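Paired with chain B in one complex and with chain C in the other, chain A is shared by the two complexes that follow.
Right after this comes the complex of A and B.
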């Protein structure tokens, strides 16, 4: 089913630096992601998972190998972002401190090829805010620094609800927030998936979260995908020692975690 | 003197520039014995970090103490000047392990110089020379099983996140503090590094560098493995206080239950369970709150909950701030 493949990566590699200091961030990675799938990329810090996410967003291009979006290489990033959008880890780094949140949510429509009318934009922003449980009046005239981390993370999601992209790349969307907000955000993401039939790529270091949301899990370690498969298979019957390590390191209430 | 740390009805508030008082911590009381590890959990903005400042006696405006007392080894930390606190309390009696190691370390100085400053500022010994300080540092860092020379001679940016956090822990505990307060020491790290950092903390406990610790986090499963007792905070108050096993495996307060339900794990039994979400936000602490603070979001709230202020009461062998908990 070649028409249903959203992302297709073949032996892609990405390097940073030169000479002796050259670092390989992504090393000969191949995968396919189908339409409507939720895929999680799981790994520790510095394993190259965020670089992979940026390649999918067209922010980096791979140094070798071929990376195709719907069968074509990414050439025009503006066109690419029409359909592929992202949620990042730190919402305060994503919003400009000098403009009100509402105006920035409205500005987000600038990326679309066919810009809706002004009334339509207002309507869609209101709907998006309601979708993430924020009353539009609550953020009227407010600036990013006036909201809490959890609220700001929801503003990032509101942007996605407003733009309705086909593909969402979520790079550690929950690592800055506490457990209650995390459960809320996952709820909203699942709602997005149901309403819009999006393809979602999760990037996370929390295999528990990945297990809960995804159709497929990729485990990354030192720039390589060391294991890929269904969440049940990966967590119940891990093949790679790195997966075993990741699973063991999660503090679970029912299992011995660390020897005192 | 059975208790090393005694907190009596501690209330703290922030004064905003409009003259408004935000009551961030209300009537928190607990005691800790030598060798005890207390876990404090709660969502963002519930007053955990404000409580930490109060426990160190560090009242830097806009934070002010409202009432109550903090006693370390019987000595009160209230109504003392910041200079007095800095010279006689911090690092020696109470020490904090901060959350973001990157913000805690001066980026323009080497780890050994940052650590030397801590000894010079807090040890009370003004005549100590640099070489003595460095020797002490090497001795201490060798204990941690880290590459001592590499770490001491590096700038913070040259270290990995785990190394930075471990350096911060090393620096915080240089003067063998009586009580260590770890304010979310692992929340910025991935699971593998988190385990390494927690192992190091246990290592220090075993080597008797410090013995009493308050561990603050929002990850309840982590507390299950770290602490002896757990206090759950909501909107500035303790809502449940009991032993770790009681609180984690058999929570009684509706808020603790919701918090436990929001946890995700890679357990097959949990796959079909939907994590509970708590709708709404905690109440504003600027006004006096009538009735139970959790009533607005509580799944089992009754009309009378909003009217009657709930006090802590014994349920089984733990304290719960809910009149209807069984």
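Right after this comes the complex of A and C.
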């Protein structure tokens, strides 16, 4: 195994519930993700892609199989999160509604082993906010429930831009922002990637987005990775019927989309 | 925290509730030591407003006032002498007691203050016990989930199914010699926790999987920080409101079992429920001796009402989404 492998999953499975209600969220999935790679996990709702993201993040541990980060299982989660950070799917549920947004962005620095100085933290938060097209003054003293979904999502991204992690697991990072802001954010993310050599795992249902940004695409369906490969191969020459479905369902201005 | 308080003070319901509750608490805490009770009357059930019979003897210039009790027996009787102009000479009874006396001639105001103190004590202790057990069981069940949750849930449901009042009555009867206020409070506390456990469990379970907990974790927050910063604020309002409800229901439960004669027994264990029970036993209700029943009932109503007002007004403030 080459040494630049960041994530290595071998036959991992994850179940929820017990007894009759047991649900398999991830079923015998194997993959490797190399350092500096951008991988997109694409699939419909409920296919287990978010659970897979949480396994990579170390929030869930797989019930069977082995999952390695840099060749070692994730044991010390604090060390893991020092390098691997995430944007969660639901921006509304991500912030504690009892504390102001800014204080929570600053709290994020708690995970870093080398904590920057207070002024430095303020500076990095301001920079990160500007990177997501939000004026720092606009969220001054604001609480999470006072922001819109798109704004909250940008706050989550700002958190990443402030922390500058080595690995980013982004679960639907731009699902609630408009196309223009999305392009800006992706642009900035790519810049950050170049700058830091970041590894990015996108979790998305948008195969179009995945095509533009990824080095590789994993297609997930019903807890399994049904296809994996370069974006060109996956989109031009899909092997799995589920990939075909995903591709067909991309809305196209010149084509009738919803079949009557 | 300060902001929360500011928001609370803006709420008129809260202010009224706090005012009523603090008034009762101060009356209960300080009343018994500040108020010097009138000496015991030789005649029970006196009241300034409702003598049940007046006998005027013009030749002796006396008015005799009595209260009929238990059929035809004269229970209380007091003679007031008046001079020729009709002024009272020997006013022993009519102006002395604010409310009146009980059947033993004890000043009702003093009794009520003492009863209030004891009832508040029982309610608070029962509330603390029920809330603590309920919150612990609920948190544990909700956060652990899985099989532990199932077992604790079953246990909680078992307690909910058994009517707590029946348990209270049965356990109370097994202590015929003496039942202290503390014993009654503990009994109430141990029988009323399941509802707290249920609501806290539901809250905790819904919080467990929330993204903000995950985010706090990847922010490097310790378990204690997560509990105090990211879980407690979400649960605190519930726990606190449940606590208020538990205190109110503790006071009511105590009154209820005291009313049927299974409340605290012994010297100084006069609770509001015991006052009601005594009045009932001395057939104050059938004889229309309202001052034996109403003042105590009103005091209970005021405390419980104040607690409900507090609970209601907090709902809107503790949940920031409901803030106006």
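Throughout what follows, the second predicted complex is superposed on the first by the 249 of 260 C-alpha atoms of A that agree within 3 Å, B and C clash if a C-alpha of one lies under 4 Å from a C-alpha of the other, contacts with A are read in each partner's own complex, and residues count from 1 in each chain.
One rule holds for everything that comes next: contacts are C-beta pairs under 8 Å (C-beta built on N, C-alpha and C of every residue); 3 or more make two chains touch, one makes a residue touch a chain.
Quantities reported herein were computed from a predicted structural model and do not represent experimental measurements.
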*Three-chain arrangement built on chain A, chain B and chain C clash or fit*: fit
*Identify the partner contact of A:103: answer first if only chain B is touched, second if only chain C is, both if each is, neither if none is.*
neither
*Quick one: chain B or chain C, who's touching more of chain A?*
B
*Does the superposition put A:246 against chain B (first), chain C (second), both, or neither?*
first
*If you stack the two complexes on chain A, which partner ends up touching A:54: first (chain B), second (chain C), both, or neither?*
second
*In the superposed arrangement, does A:81 touch chain B (first), chain C (second), both or neither?*
second
*Once the structures are superposed on A, label A:207 by its partner contacts, choosing first (chain B), second (chain C), both or neither.*
first
*asked:* Per the contact definition in the header, classify A:4: touching chain B only (first), chain C only (second), both, or neither.
replied: neither
*Partner chain in contact with A:44 - chain B first, chain C second, else both or neither*: first
*Which of the two partners, first being chain B and second being chain C, lies in contact with A:184: first, second, both, or neither?*
first
*If you take every C-alpha pair with one atom in chain B and one in chain C, what is the shortest distance in Å after superposing?*
9
*asked:* If we count contacts the way the header does, which residues on chain A are in touch with chain B in the complex?
replied: 44-46, 133, 148-150, 177-184, 186-187, 205-209, 211-212, 231-232, 235-236, 245-247, 249-254, 257-258, 260
*asked:* Taking the touch rule as given, give the residues of chain A at its contact with chain C in the complex, in rising order.
replied: 18, 54, 57, 59, 77-78, 81-82, 85-86, 88-90, 93-99, 104, 107-108, 110-112, 143, 145
*asked:* Please output the residues of chain C touching chain A within their complex, sorted ascending.
replied: 146-147, 210-212, 214-221, 229-230, 233-234, 320-321
*chain A-touching residues of chain B, taken from the complex the two chains share*: 43-45, 160-161, 189-195, 198-199, 202, 218-222, 224-225, 248-249, 258-259, 262-268, 270-271, 275-279
